[in-house]
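When the chains are written out, they are named A, B, C and D in that same order, and each has its own residue count from 1.
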């Protein structure tokens, strides 16, 4: 008997059924690699349950896309295409998910979506040369060809840009989309932080297509407020938790200091491969990899919030958003305080946050009330409050080796703001 | 202000509080290494949520030990010592938990408990030489010294052997112990398989010490039946799931075929380190590591259950329990069918199961009824039924590369049973 | 716009959707009355969360029937008919569910299924005469007519007796059916006793129709063991909890002692109506109603288990199964010990258990293995063990007012066994 | 052996342990009566799981009080007194909880807290005269005497007014208190509406006493935002759900139209008693009781929101807040449209909401940051947004019998606003 479908047990959504195209996709090496890409980078160093991966999130997003497509009664071919984009939307993620993206952005003005696109279009190969000998599974590109799926269409949905049928792109990439539905509840489940336990069923009930746009019925305003708030609280308490952030900064610094690093080569790796590879790249990289393994992290030596700064302070922060200037400042610290290279890191998180997750400040969801389109702000003051809420609480943070903490603390303001 | 305690959020038990001795232990490199030892080896290849690690299980067992100690009203020093044994009981686990233990058993007649003991006694160092440069945290051995904890006492509890106060050892290692309370519910949570969702509170309510033995009050018979059944069902459907087992057999074979391997060197590694190290050990090892990375597993070519075999068949199985004879048989397959070395594996799981988890067949729990000790079998026929229940369903299985599956299938019985 | 469907939020199954026929049925007075029939009688006196009602269980059973019908791919008309039987299967339940059924059985040789049937066939009206003035909603009988549903077919499914298509009856009434799937998990949820938290999805995945019979695929053996065990444990610890049982016995006694009571009149009432009506029926009934309101229950004065009795003891228990003989014995107690009438009750639960829930001892589920039908006992020793497991632990119990407890205790054996 | 403690299984908090004073209190008739007072009035007519009662909420609040007292390290006697107030805080609730309170307010300028106080002080007896014959359990007043607990102190805590130790009152009655911790999560659990699933442990971790005031550490800002939002969303979607509100209005109207009703007599009843008693009070009351039993509710004929009204409209709403004027308006409707008395009800919910739950608009929680007291508004814009958020969405609603719905709809604006 030929197996024509497969049922996978997901702790969040229960049984997830795959058949046809999706049965092929789940076997593709680009998807299988996600088994070793942690969804939340180093969050497990603070929340020890958070070892979940992009693979299960990809499955979950696929499942949410199917559910949503059913609720808004999409046609069969639209369902297939949105579910396909959903299962593939994260294949371009590098090791530790968002952690290393700033490098892509800085060196190639690219991000994980660009890499996802390259993989979908077959312009990039996920294998190491040698691996290819042993694994003959078709790539995502080849599978899409076999099933006559237009790669361009998938890429457009992942970018949230679908010409006429805007609802397709919006389902996967918009202020409230199926990607978020899955990750909020999944991250809550594995961290044990309840904020993200949103009411998915209630949200899906209120979805509607209006003039080719994805919209929400008026009765969905409450569940929208709930989701927006949940997302914000998860960012404050999990994704931008101070200790998690420090581990990410350490890894970033170690990668950045590798000479002649090819960003794409790093991006193809898994979490495990990167940490092991790092040890071969030099003593600083060896140190960081070892520290991450045994959780001997740098400490926060200085931090301040937006409200404590005056205009000139804010201007300096503004300048520090530029990587180049930030690195110069770090060098100034190293030289002034006589610290070994790489042992001081300046963090300006807000810039990176809005780069990595532009949806966090977006609340422009269309509400359908009595057959007219209105704005969420017409119904609740909460959306606006969320837009102006600070994440994380620090606007600048300096981290360093525990043994330099005191000296950095004492001199931080002076060096930073002159 | 000095931080004198730390609260860790666990998705299963909620907030877990650590102070004093335990605050030190949680920072020890032997514990931190467990962040990258998956609790269930390769179970995530079937249950994609099952990435949880020995670190969180160690925390959970510590927490369960504290709770149980409170319920049976242990004295302060006993509570400390049982909690200490609980948090340390798994530090000797090698990468992928139980997967590689047969090697220790076969080459050194040792297991993970022996290694745990060596680490506690300071007879073994968890670091690679080079790592030691960067990490100066005290070892478990040193921390126990600092807090004047007798290493011997901890080791005895972990072995379930405590002279007079037998209840101490029984709390951690006996037919129903706090180790199992944690892992059943934790494995259920992360796999999404509900069987292990036992009623921990109800069980703890019924615990009692009777004549220096840990026992259960009569009203606890129901919850005991529930736990025994849960454990059995988790073994059948998760721990000995066919596909999980195949991945484990593949890794074992790859390790076994490394020449001059030092078992202890492997045991010190993390999951990630082992998979990466494997690629350097030869082409067969490279192949297996790559197959595991992309989930291109061997397939079951043959399997049979106990009930289908006659006396002579059972005798052959008995002989195959010996690793040496099994390897000879595998070679016979390779030569007869002209298969490349390492591409056929014979599995005789029952022997390994009872070696790895002797508790699975144990139901001899003491029941206190009207101030007398009785046996669980006096109260329910379920315990006996569980003892005679088969796990897994196959008594012998042969796995091989997909492309040799047919030829192996056809010839299996003949070669196996002559 | 006309509302053509309704979505009801159930804490167990999430959103439940109703349309067409089911939208009408949910408004029928026979269904609405179930809002005030507690699913577990007096279980809330022990488990304070257990206030859930037959209404939500009826909805849940309907939902489970829809899910099961989808899994085994029933045709549209079969789906409708099984879902219809599911939503109606409990409309004949009297107040406090099973509590008063022994009266129907004793006086009319009838049970709640007979009353359900009468309501479906329109032979009985749920209203009081006066209520009918205010409520003009069509009855279940009329709604079925309107939608051209054969009443006979519904009744047959509820009895588990469907000629050719035996699977239809088996879906709702057989050793493991959708009725149980719902009540096990629902009763667990509201009592907080985890035993009933079965894996519904996994069970439904394994269902198959084989030769017009409902059967389970071999891979479903584990989940079946889990369900059978769950059911047994829920009976021991919840449904036949001693205190719950005492409250039920008290109510039964109060009803029984009403002169010229019309059983059907009682059965039409809701829980609230019965408790209020009782106060008007005489001083003993007033006392019992007041005791139940303030939870001043009778106490267990004597109990013994099967294993403590010899042959002649068992023979006497056998005789006591007859209500008439039991009442004579109670009178003997009252006269010998000079107790006021009604203040002593003898309980022989096993007879009543098998009358009320014959499924509890049934484990004859058909297993399909390699396209052949086998028995569950061929795969696991657990089923047999469950059949021989005692529920509850007492074979006879005597309860009385707290102030007579001592004197009854002292004389119980003598009076009971002569 | 004497039972010295009792363990009650709660589906929300797990095992709850009672001993000493609390073992006595739980047996008091005032507490036992709460077994038949639904926590959420008629919410089960929309959310069929919502049958939970004030009894389990009282236990849960007691449990939360114990936990909070432990976290902020209260002394033994303070713990006892706060737990005692917690378990008693709702004994004055009438049938269907808040539904009938407007009558107390209107006729006696009293509310359920006043009645609670009378019961604590022994100034009121919970029994009917006849019941007293059968139940000799001591009252709450007597139990407090027996255990030498000052009744006055308990009453002060329930009112949130404790002279010096303000934190005691604040624990039970303040913008975020243990009462709300329990009801938010409990109401979520039984309705299946996830909004109230707050993170209780995290909140309790952040509690601190500062200058005799209950305060929250800065790190608790996120969980506070979560709780405030949860409370608001539960009000919008559950407590003030339109259909739930209509059922409440119907019952209120039925009670109000009883001549010479003694409010205290009604307040002593249980839900079941009230519904049964109602049928004896006249044909209108019989009709309403029957409609509620079979869920044949009045319909919304008109509703408008604040934003659609001009100044003069708002002024009229203001006037309608007075019961007397509202009743006159209803009479005008009846006379103008020739409707039977009692079949039209005008609802002005906001006034009643702030009377019944003043905490809903309160967000003035003290935050401790760097050893200084600050306001929640200093840390997040969300608190302010919540204060200005409308609950429910209608500022005025008119409900009537389905058959008069059209005529009322057509004439509503004209009659209402002239």
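FYI, a residue touches a chain if its C-beta (ideal position, glycine included) is under 8 Å from a C-beta of that chain, and two chains touch if they have at least 3 such contacts.
These numbers were taken from a predicted model, which means no experiment stands behind them.
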Which number of steps is the smallest that gets you from chain A over to chain C via touching chains?
-> 1
Label-sorted list of chains bordering both chain A and chain D is B, C
Pick out whichever of the two, B-C or C-D, is joined by more C-beta pairs in contact.
-> C-D
Between the Cα centroids of chain C and chain D the separation in whole angstrom comes to 34
If you average the CA atoms of chain B and of chain D, how many Å lie between those two points?
-> 51
Note: chain C sits from chain B at a C-alpha centroid distance in Å of 42
Where chain A touches two or more other chains, by residue = 9, 14, 193, 202
Given the complex with chain D, which residues does chain A contribute to the contact?
-> 193-195, 197-199, 202, 222, 225-226, 229, 233, 236-237, 380-382, 384-386, 388-389
So in the complex, which bits of chain A are touching chain B?
-> 8-12, 14, 27, 29, 32-33, 35-36, 44-45, 47-49, 51-53, 55-56, 59, 130-131, 133-135, 137, 189-193, 270-273, 275-277, 286-287, 290-291, 293-296
Hey, which residues of chain A end up touching chain C in the complex?
-> 7, 9, 14-15, 201-202, 205
